[in-house]
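This is the structure I want to talk about, given as structure tokens.
Labels for the chains are A, B, C and D, by order of writing; each one numbers its residues from 1.
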Amino acid sequence: MNFVLVEGGGVETPPILRKILRLRKIALILAGIAAWYYASVVLNPENMENTRISEHSLMPGLVTAKFDKTSMIAQIFSDLSENPKNIQKTICGYFHKWDLSCHSQKFRSNVPGIQISGENVYAWIRGSRNDGGEAQLIGVKIGGGRKKSEAELRNLIIAQVMAFAYYAKDQVYWSRDILFVFIDATSNSDDSTNFAFDAFLQEYHLTHSNYSTPTTVIHAEQLKEQCGLLIAGIVYEPVKWPRKSKKDTRIMSAAMNGINGQQANLDLFNSAAKIAHQKLSAGMALFGIYQDPHSYSTQAWPYLIPLRAIYGQGFVAVEGLHSVLGKYSVPALTIGLDHTMGPENGIFIESMCRMLNNALERLHQSYFMYILGDDMHFASIAYYLPILGIISAPLLISAYAEWREIQQIRLSPFIYIAHIIGALQFTGATYAYANFGAKIFDTNLAQLFILSSIIPFGLIYNFVVLARKSAENQAEIRFTRLFLQLLTCLMLGCLGLVNFGLALFGAIFAVPLVFVMTFESTSRARSYIRTIFLFFANPIFLLTFSAINLQQYLEYPQKVGENAIFDLNLAENLIYRAIREHLLFGSAHFALFCLFAQPVWNLLFLTAISTTNNEIDDEKMKKE
Amino acid sequence: MYRIFLLFTLCFAKEEYWENLKLDRVSENELKAEFRFGASRENLKNERDFEVFPRILDELIEEYDVKYLLVIMGQGRWKDDKWGRKTQPGAVHGAQVYADFEANSEEGADKKLRFLIEALNGILCTSLSQISLITSPQLEIFKRPKYSTSQQIFRRYGILSRETTCTENLTRLRKLLACRQSGISILLHPSKLYDVLYHASHLIVKKNEKISEMEVGITAVFKNKNPIQGSNWLLSSIFESKLSSSCGIATKSQIEANNQIYDVKNLETSFDIEITSKPISNEAKLVKGWTSQGGSDQQNGILHISLQNGDLDSKLEVSQILPYFVQPRYAKISFKNCQITRKALQTSKNEKSSALLQYEIIIKSGEKCEITIPFDKKILRLDDYPPDANHGMHIPAAVIFVSQKSDSYTIHTNPILVALPVPDFSMPFNVICFVATAFALIFGPLQLYSTMWLAPSPPRSTFWRKINRLILLILIVLCLYAHFMEINLNEVRRGIEQYLEKLNELR
Amino acid sequence: MSGWQKIKQIENDGFLFKISFAIVLRSIAFQYSHLFAERVELNSPFYSFNHLNDGVALLEDGFDPYSGNDFNLPPISLYALYFLQKYVPNLLPTLWILMDISTALILSKISGTKTLMPFLFYAFNPISIASCSILSLTIPQNLLIAMIFWAYRLDYSKTVAILIGFWSSFTLYPLLLIFSLIFVANHKISAVFLAILAFFAANLVNFVLNEWSWSFLDSTYQVILNFTNIQPNVGLHWYFFVQVFEHFRTFYTSAFTILYFFMGIPLTLIIRNDKEMHFISILLLITTFFPYPTLNSATICLALLPVLEKYRNYFRYTLLVPTTLITTIALMPVMWHMWIVSSSGNANFFFGATLTYNVALIYLIMDLIFVYSRRQIDVLHGDSIKKQAKFGYSFY
Amino acid sequence: MRWSLFLLFFFPCTIVAVLNTGLQLRIDELFDTPGHTNNWAVLVDTSKFWFNYRHVSNVLALYHSIKRLGIPDSNIIMMLAEDVPCNPRNPRPGTVYASRAGSNLYGSDVEVDYRGEEVTVENFIRVLTGRHHPATPRSKRLLSDHQSNVLVYLTGHGGDSFMKFQDTEELTNVDLAYAIRTMYEDNRYHEMLVIADSCRSASMFEWIDSPNVLSLSSSLTHEESYSYDIDENIGVYVIDRYTHFTVQFLSKEVKALNSSANMQDYIEACPARKCLSTTGVRKDHYSKDPTRVRVTDFFGSARIFQHLTEEIELDDDFWSG
């Protein structure tokens, strides 16, 4: 092999890279257009793959369901609706009558900031000939309901599940125990319901005594029986009638998004959908929309479900009770049952249980990372991840350009400072919220946080430290540029593997911003203008803005904000929600916001306001 | 027929055979049946005639110097709080082997044991080869007989939770009985005995100076299939066969039911009874124990043993086997109101052998003691995984020897299933290639730079390099084509073979 | 003397502030140590404090830690911690911080007057901070390395030899540093012998501590030489020995070990008149090919690189290697999460990250060698080079 | 007593007398003389997991019919990779049914020699070649000799030129061929019948080159082979087509040992319209003509006796054994 040695050291770089650099100026536009077209092809359900199904989960589809305890439903339902005060006792009463073990578990929160307490009920059906090493979970909400009708619906679902339990206790073929959990939902907020479920699961998995976590938010009673490995969990709830549902087709609903972008195993959802099709001739509504997989011609715009899937994965940390199971890496679904069809629901539950019973190993040989187009089609990660790559390509190009210009490496101390500021915000906010709640010194915590996070520390540092235009400062800024570009790419890449939705939406905002702000500007005016723009592109503003407009764009029924630009209350609520979800369920949104979005924004000021007086390197390129 | 045998036996060694069936109602519509068949034989030198004692067991004893051998197979879970004390020796889901035998050295003992296990597989139709038997240190596992012997006694114990028990085992156990077609053994109807809530069977072989004994036991808890028309516990309806002929050679052959003993030694007519006795109410006197597992990822987990004492102060000896695929965090093991008096730990250098952790605990009446053993889940070599690796592997149940002031008995917790981290099973070649490449990357330049020197050189023509690249490109294209067309190598081979055959025909 | 002046000179640009800042960072990290305590990237059987703790617990209960496979550390460290736990249990964090900071200080003394790079690289490296917070045993090792290199520069041949021998008695791989002893100024051969002597002396101490038995050899040196422990770490070997076929294992173990221990010879043949270069490249070899490394065992080598100031312009992979290192280090937790926690990916993902990390290190070593010979060209016939002259390889 | 022993002793001679009736003689002319004295069978179910119920029932169905035709348990090596009858998922514990309205195949008289994880490629090869760990008990060994006809039956999931064991490892057709070659060189069989019932199973006997081996398969190399019946109560397929029809043939046509059904009939027992796949046959290493070979030469154990001409005195120690 031969090298071409350049005078003054090193080896000549291959020319192809220099050619790429020519594209730098239009890279952003090119990447944007390319990503748009690619996405519109990949995310179109008609181009997606059909959901195949593995033999494990196909076989139970062939089992004839024999659920015949329909009479039990009415009886239990009447009992439940007679005494709504002590539903727990009623449920356990039934299970004890059937001589199945049933216990209740009280729980409360450990931290003053969050006042939640309640009582769950759990009951076992132990298979007679297994060793109890494994179990499957069935979860139902009890109590609560804002309106009377809603409470009745819940009771109906409880009754149907318990009727199934009554049927299942006489079956001999359970190779896995069935665990029924009745989650306390008396206080109607979703958070407290999820908290209740988490209280149970934490005791189930003994994470309270787990040496790796210091203290837990929840204090709950210990479980009174032996617990096996959970292979999957299904949460049943009354279906909310989705949009675009025709009256002639039966509609059930399914939700599978977990915390931090986890998703339920595709096999699990898939066999649920297949069973619904075969046994109940019903369709699965996803994200509140039912789309008949066979009639796309009638429908104008097929992207709604995929986009909502991405949005939900990205921003909805806890979609339902199943998300809490995801926290313990148990594949789980929430299935909305049509309460009007009692026997069919019994049959559905039975089929699901037998599917999970016959599945031989853990559900593993399937997709965990996918975007559903409808209940028959999905796009796998190999197809949709490139979108992210295309979007963030410009940053890589300009990073390489920066690198070729860099003379000396000079790490800016502000990189540390910015991150430490973020860390302080993070710890401060969470600590304060956990211990004093939303109000500290009768001021609103969120407002304090917002205030602290719109101060442009970067600007201050710039005027104080980097005021005079010396070679060191130039080098420092230049390296900060490189650092920012690489950091953004790296973060988006890592995030994209875990939580594609968040990464994608993050990239849509971050990449252009970073690209523009780190581009060398010769004119001082340009720098000032973009600095002002940067100031208004504060992460919180962007978050609120997108929260309002994305939801409207994705046709979510509920209205989010007053005006379409910014809404303080909404911002506060977003922050509170993020903190709460971090504390209760370990969602990473708040951490990401404080430890990456915020510092990047601060650091961008250094590069945004700086001007380079040496020639921009495209003239250099012309020379080459 | 056996009159003639009796005629023969006059000159034989003294042998005895007895059989026993115990029937109890354990709850409203659950019934427990305990079969016991025993044979004993006095050891006479150079006396090789066998009448009722199975010859094969005697050979086993002689060949492997067995003092005490116990094999238990079980299926299902015993409900302590409903059914009272588990029938001793207590079974647990899977198979247990416990052996006392003479050997001259550790290696000799291991070798002997391997042969013994294989022999057992032959006799009982089991598949115990996977079981790892470990020496149990000072603490007891079962109540243990004492020996007076010259040679060294080795005591080995092991559980194989994966082992299943089914009708073929029962068939083999029946083969050991002297009366197969008569007496109580008629009632051993496989399809009934396995359609139950709980099934356990065991084989005990003992030997001392004077006599050698064997016992075959089968325990089953039946469930009344249709409780609506009352519980009809007729003997014939439970076992689907009448007790018609009696076992003549048995010295004792009796059925215990309804709190009385029926002697079925010599029947004339077919025998049948209904079990009418009310279920015995089990007050919570017993020690209960169960194991739960904690942890939610595949990196580390928790083994959580809960021991609930009854209303008697008791001394517990907990023995927990920790298989080789988990690594206990010894410093993190914690106890909740357990009063530990002795600890014992048995480990081994052998990679595949498991560790045995034992505690002696004093526990007051009505108290609950909890042992928490955090462990790391190990990743194993490809060959060490079971065929269904993703299903996980079992940590066997803890054996708890309870000794109270009045009596002593053995209980078990339940095995737990540990989901282990698994590698990709389709990768070996790729991984070898990648890592070897990494080594080549360092080796190449080292070799190059140490044997050659960087020096000015005239520019060389790149023609051959182009050719090489072209060839490589073609190869890659071909591979991709084969990959996407899913062409099987065997098909390619067959195509070539057929082509060559055609050529031969042409000639 | 000169070192002290350096310190003085450095103090002018807020050196004390930097040190105290580093200390503060580390003491903050101790509050969050539970986040790193179980990280696979920062723990390995030979450096994890948890394993050491288990051994101590076994010792206290009167069991022999070396009867099983799980405890791999030599008796010296076992008993050292045993006594620390017994008498000064609360001083451990302070001790570790002190060691880490003194490492950084020594680095700053080693490096030239003009640049603070080594100090900054080490003191503010998140990896070393995190490892310090979990009392990783790489911290004392890094201190040892820094001391060795310091003494090596100052030609304290005896000290260097003894320290090398002592260090090798823990992980065996540093024995390769014996080749560097050839470059210390005076009585080279005796230094080599001294190192080997120190190695055996340390083992003798182990032998005595372990109640006059060699049982610890199997679970320390055996495990290193046979790659017995296949638990995931950031090294090259673990996944290989998970996957490799049973009957090939002996072949590969011997091949890898022999290859490693012979690598010193060609390296010594190539790099003949630059001892720092030689030392650092051997150090990189050790960190790369040791079967049970953690991320922190590489940080000190990377921190030492600025010592090779004069080669800076010759490096080829200036962008490739650092970005690859950073990317893989950032990807490791993600891949681990996908494999172990959410099981949405399989082992290959994490293995891929570790492999790429190691390949990047290997590229760095390659580049060091290249850079050396490249500079030789300029030194030998620098003036005769025209711009864009073609160079190729030819025999001596 | 003496009388009964006397009977016992002359029983064989009476059989021979029956065989020598004229009719039988004429039938015998249609067939070659068997030339073997004992029969062995190796029946292997290679596939784990509950939903492979059908493979277990394949093996059991064949097991029962060859047992009916007189091959004793001691001469049958049965390998079952999954414990289906006592699997907790089985609603009818301790039983296996090959059809919805069939009889229980897993009664009290089944003897499984290798079960669960013992069913590996290694063990299978060891059984064939007879190279065992010394500890291996007699019941797990194939103790055949140069006078024994061996029946090897493999069922499971197959692919082109391999057979999956336990869903993890593979038995390639080359392994099988080598194993049989070794058996031939060790004189471990007189004639051998290899049956493979799996997808693409014809590829399994592609490499077999040892003499006196007749190989059958359920499907050709490029074909799948299909399952026959499904039981919705347990939600699995209960038997494969090929085995179903061949076993049906055995139970219909081959009532007793002296039945006149020949191997050609057996080969044609499952035509393509029933099997939905063309059955594969390989005769080129089999010297005889299948039409002149009794089915019972492989599937039954015909005891062939020498005639006793001379008187035999039994001395006293015969009685006192």
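One rule holds for everything that comes next: contacts are C-beta pairs under 8 Å (C-beta built on N, C-alpha and C of every residue); 3 or more make two chains touch, one makes a residue touch a chain.
All values reported here derive from a predicted model rather than from experimental measurement.
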Pair with more cross-chain C-beta pairs in contact, given A-C and B-C: B-C
Closest chain to the centre of mass proxy, which here is the mean CA position: B
Distance from chain C to chain A - Cα centre to Cα centre, in angstrom: 39
Euclidean distance of C-alpha centroids - chain B vs chain C, Å: 46
Rounded Å distance between chain C and chain D, as computed from the means of their C-alpha atoms: 63
Centre-to-centre distance between chain D and chain B (centres being mean Cα positions), rounded to whole Å: 30
Chain D, residues touching no fewer than two other chains: 49, 86-87, 93
Interface hub residues of chain B, defined as touching at least two other chains: 75, 195-196, 296-297, 300, 329, 388, 454, 457, 459-460
Overlap residues in chain A, where contacts from two or more other chains coincide: 2-3, 128-130, 172, 212, 329, 360, 362, 364
Topology of the chain contact graph, where touching chains are joined (line, ring, star, complete, other): other
Contact set on chain B toward chain C in their complex: 296-300, 327, 329-331, 343, 345, 347-349, 351, 355, 376, 378-383, 421-424, 427-428, 431-432, 434-435, 438-439, 441-443, 445-460
Footprint of chain D on chain A - complex, ascending: 55-56, 59-64, 127-130, 171-175, 354, 357-358, 360
For the chain B and chain D complex, residues of the former touching the latter: 4, 75, 114-115, 117-119, 121-123, 125, 127, 129-130, 162-168, 170-172, 189-191, 193-196, 386-388, 425, 488, 490-491, 494
Residue numbers on chain A that touch chain B, as the complex places them: 2-3, 126, 128-134, 172, 205-207, 209-212, 223, 225-229, 327-330, 360-362, 364-365
Of chain D, residues touching chain B in the complex: 1, 48-49, 83, 85-87, 92-95, 104, 106-118, 133-140, 160-161, 166-168, 203, 221
